[in-house]
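First chain A sits with chain B, and in the next complex the same chain sits with chain C.
So, the complex of A and B:
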């Protein structure tokens, strides 16, 4: 009797062990693709880039380790001016995307009915199904000298000759806002969706005006979504290449263009790698500052939405 | 100096339609200053719509709302001195307790010293003087409740609206909060309008209760009046528990007489709500369990009252002082009657009993379709 009981007990323990192993194996299998993606496509290339950026070419095929590439960047105003310009323009694009995206998100999350909400969300998503390149060419068709808008204005007689709308900062900003605004709307909709309508009503009921309710209740409530959207949009804009090149032409002076030049045109991989790192450091600093100023953390913004 | 109006809130012929649906139909009532007024009705009866119209979130389709004698039609919600405690309280999660209470004062443009003084004052009145610095999620359910009330009361509203604020609490806390709300109302001496579908909340706390059904007020009165002298079949059925029979009047002098129920029982009745009920009318009869006297069949001679019915105890529903007995009558219906169970020599299932009740407690209303 006792022996049989012990046998049953050990069998049970064995089953528990097997279950534990199966669970561990499942976890490893599920986690493996993610770990490989992070390691092979993000960590390893970045280590390579750091190493590359610290190499200086002293003679053909002769390299030394040093900070020369970074010192070059500081000594050449055109480099850091481009970086600063990219930074400010990206901030402007982020601000515009927030200003335009917030009312849209508010409408989708709070005002539109249940069925309209789905349709509107889909409308926002559809442009994403078309590639960046095609969408940029769409803008070119509209804005170039012989494009739709110029021709239309000539036809109405408002202007006498063709006007080139492409290749200026305004066009670049319009194009960028158009490309990234969805990434602002999605996190905003998801945070605003979670807001109880009675909060807004309570805000009015206690005597707040429309502006007070927006400033003291809606915006603070949506802050995680706002910060999360801003981080994504800022990163995407500062790192974008296609839109500034196609819509801004040679004058766009986008920092990614500078990196591309170093790698491809001048075949100076060391300097390109250093620039790439500087861009990463710069955008990370801006985001860190933004988080500090808004009193948010990465955990309750980007990680949540 | 103008004379202070006797009523804090007057509603005259208020109605509201959403498309073809009439949510509130021509409702009129006055609420005297400093009273606790409840609007009690089943869900979907229009009580929330009525409250939202008083608060200003909905514009009535017809009628007039006057607060302290002044019409507030067309006044936006933030300009009405009517504050509201929402169903889920709607405390602002991104502000702490102090900021939540100070919000309304800041909207008014009060200065910092005044805000500090008044917030502290109201926190002391709700007996939570030290919670100002806490975050909302650190409060218990009952504390949140009190903060939500304090947030409104700090603004000295003419009328405080409460939209089923106890719904989310557990039973024990709900019982405690009922008493506390009543005390708070006394302390602030402000008119409270309380909306609920829970009759015990309405009956326990209120000075006056309005019973609302299908967009109409069925009856307004003190809790006692509603319970003992309902005006309509709906009120009789909705407030408190009742045994209900349908039947046809066989003899009547207008205010009382005899009725034959569908189950073949003859019963003496009294017409409810001062109605006159003639012979041959289809009626409904309501008898409250506490007015039915239950005795063992052996002691049947001791049964008093105008109406009698014999049956067998089906089961006992023990609930301390509120215990009931379910009796199955000869014709198969189940009747509820209150009994005192002492734990010694009580009734047991299967025993033959005789139920009796007086004609006065058999309230009778003309049948008005399905209620």
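So, the complex of A and C:
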């Protein structure tokens, strides 16, 4: 009797063990693609880049390890000026994207009816179906001296001669805002969507003006969405290449262009790799500062929306 | 039953495909846009049915970067310019020596062949032979900029905001010649070359105010020129010839100090896997009837004997409208770039781009 009971018990235990193994295997299988993605496409190439960036060319096919490439960056004002310029312009683009994107997101999440909402979202998405390059060429056709806008303004008689809208920093900023604004709208819509309308009504009932309600209720509620939108937009802008190159003029340097030139036209992979890391460090610092100043953490912003 | 036969036939089909690809050789060509016109590729594949041609379009810098990344693997034939072989081979070891007995060198124009050989021989091995040549110079709309003669005229205030150039090494060299220097002679003395570069940089920074925008490729240059937004620019001759087709007022102007001449070559990457096919392609495109098709597509002149007569009619007209025999004698062939010069030129170009002079 006792023996039989023990037998049943051990069989049960065995089944539990098998179940445990299956669960562990599922976990490993689910985790594997993510781990491989991180390891093979992010960690390994970056280790290669670190090694490359610490290499100095002494003579053809002779290299030495050292910090020379980073020191070159510090000693050459052209390089860090370009980096600062890229950073400032990216911040400006982020701010503009927020200013323009917030009302749009608010309208989609709170004011539009259920059916128009889907349509509006789709309208925001459609530009992304075309590649960056094509969108930049679209702007070129519109803004060039003999382009659509200049010709139209001449036709209406508002201006007497052709005007060049292309090849300046304003054009670069317009083009970038256009490219990245969707990445601001999506997280904002999803955060604002979760806000209870009664919060806003309560605000008005207590005698708050429209501005007070926005400042004291809506913006604090949407903060996680705002911060995560800003992070994504800032990263995308600082790392963009095509738009600043194609729309920018003779004075518009962009840091990614500097990296491209180091790799491709100067055959200087070593300093190109160093520049890549400097860009990464710079954008990470800016984001860290932004999080500190706004009192948010990565966990309750990007991870949430 | 039915599914089984479908599976069986699918299997058979895949095996057939696999067998087919196993037999065919692939020629992976790394070359310039328009250097492998569809018409020629088809003709070649008809003549050699067991060779598939795969084309990747690129430019000098990217060709070297691509080959450097793989140590010379991934392509079976590359076409960098003649001045981009020597230093690249010394530094990165990306090409393999050519077997000249496999190439129909008799068809080539002797002076070009010898020039390229002299430029690309390392330890007695020849690494490249010439394919086509052309020049970099100026282009102008005759009706609006009739007096454009030299590189320096791009900075003439008479054409304020109506000129363009590409911010690459060509304009540095051209401007140096127009300032009375000989940059190629200074390659042997890099200190002297740096002095020249500094002078050129000052000139080009001052000139920025005169420039509308720096062009980046043949397409944006063509658009600016055809729309009349600019009246003169630094250019490749082939781009100018293409525009001459559409507007007879736009001509190529060899600068008075001499147009800068480049020769695009054939070179075999070190880990190329289809050398036979590569040699077949080289000999194939050097045949007179194919030269005409190639030149029609590229606008460049082949380095075979009598190449000017092999040009298609419209290109012949464009060349004759631009070059006199004296201009041809005055050509300045790009000299081999010694190691280190690219870096110096790169820094100079960055300085010009970053300056807010204009």
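Just so we're on the same page, the second predicted complex is superposed on the first by the 302 of 305 C-alpha atoms of A that agree within 3 Å, B and C clash if a C-alpha of one lies under 4 Å from a C-alpha of the other, contacts with A are read in each partner's own complex, and residues count from 1 in each chain.
Rule of thumb we're sticking to: contacts are C-beta pairs under 8 Å (C-beta built on N, C-alpha and C of every residue); 3 or more make two chains touch, one makes a residue touch a chain.
In this text, all values refer to a predicted model and were calculated from it rather than measured experimentally.
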If chain A is used to align the two complexes, do chain B and chain C fit next to each other or clash? fit
Per the contact definition in the header, classify A:220: touching chain B only (first), chain C only (second), both, or neither. first
Just to be sure I read the superposition right, which of the two partners does A:209 touch: chain B = first, chain C = second, or both, or neither? first
If you count the residues of chain A that each partner touches, which comes out higher, chain B or chain C? C
For A:167 in the superposed arrangement: first (chain B), second (chain C), both or neither? second
Which of chain B and chain C A:115 touches, first, second, both or neither: neither
Nearest approach of chain B to chain C by C-alpha atoms in the superposition, in Å, rounded to an integer. 46
Give every residue of chain B touching chain A within the complex, in rising order. 55-57, 76-79, 82-84, 86-88, 90, 92-95, 103-104, 107-108, 151-152, 155
Can you list the chain C residues touching chain A in their complex? 61-62, 64-65, 68, 87, 90-93, 168, 208, 211-214, 216, 223, 227-229, 339, 342-343, 346, 349-351, 353-356, 358
So in the complex, which bits of chain A are touching chain B? 196, 198-199, 201-209, 212, 216-217, 220-221, 223
Mind pulling up the chain A residues that touch chain C in the complex? 60-61, 78, 81-82, 144-146, 164, 166-167, 245-246, 249-251, 253, 258, 261-269
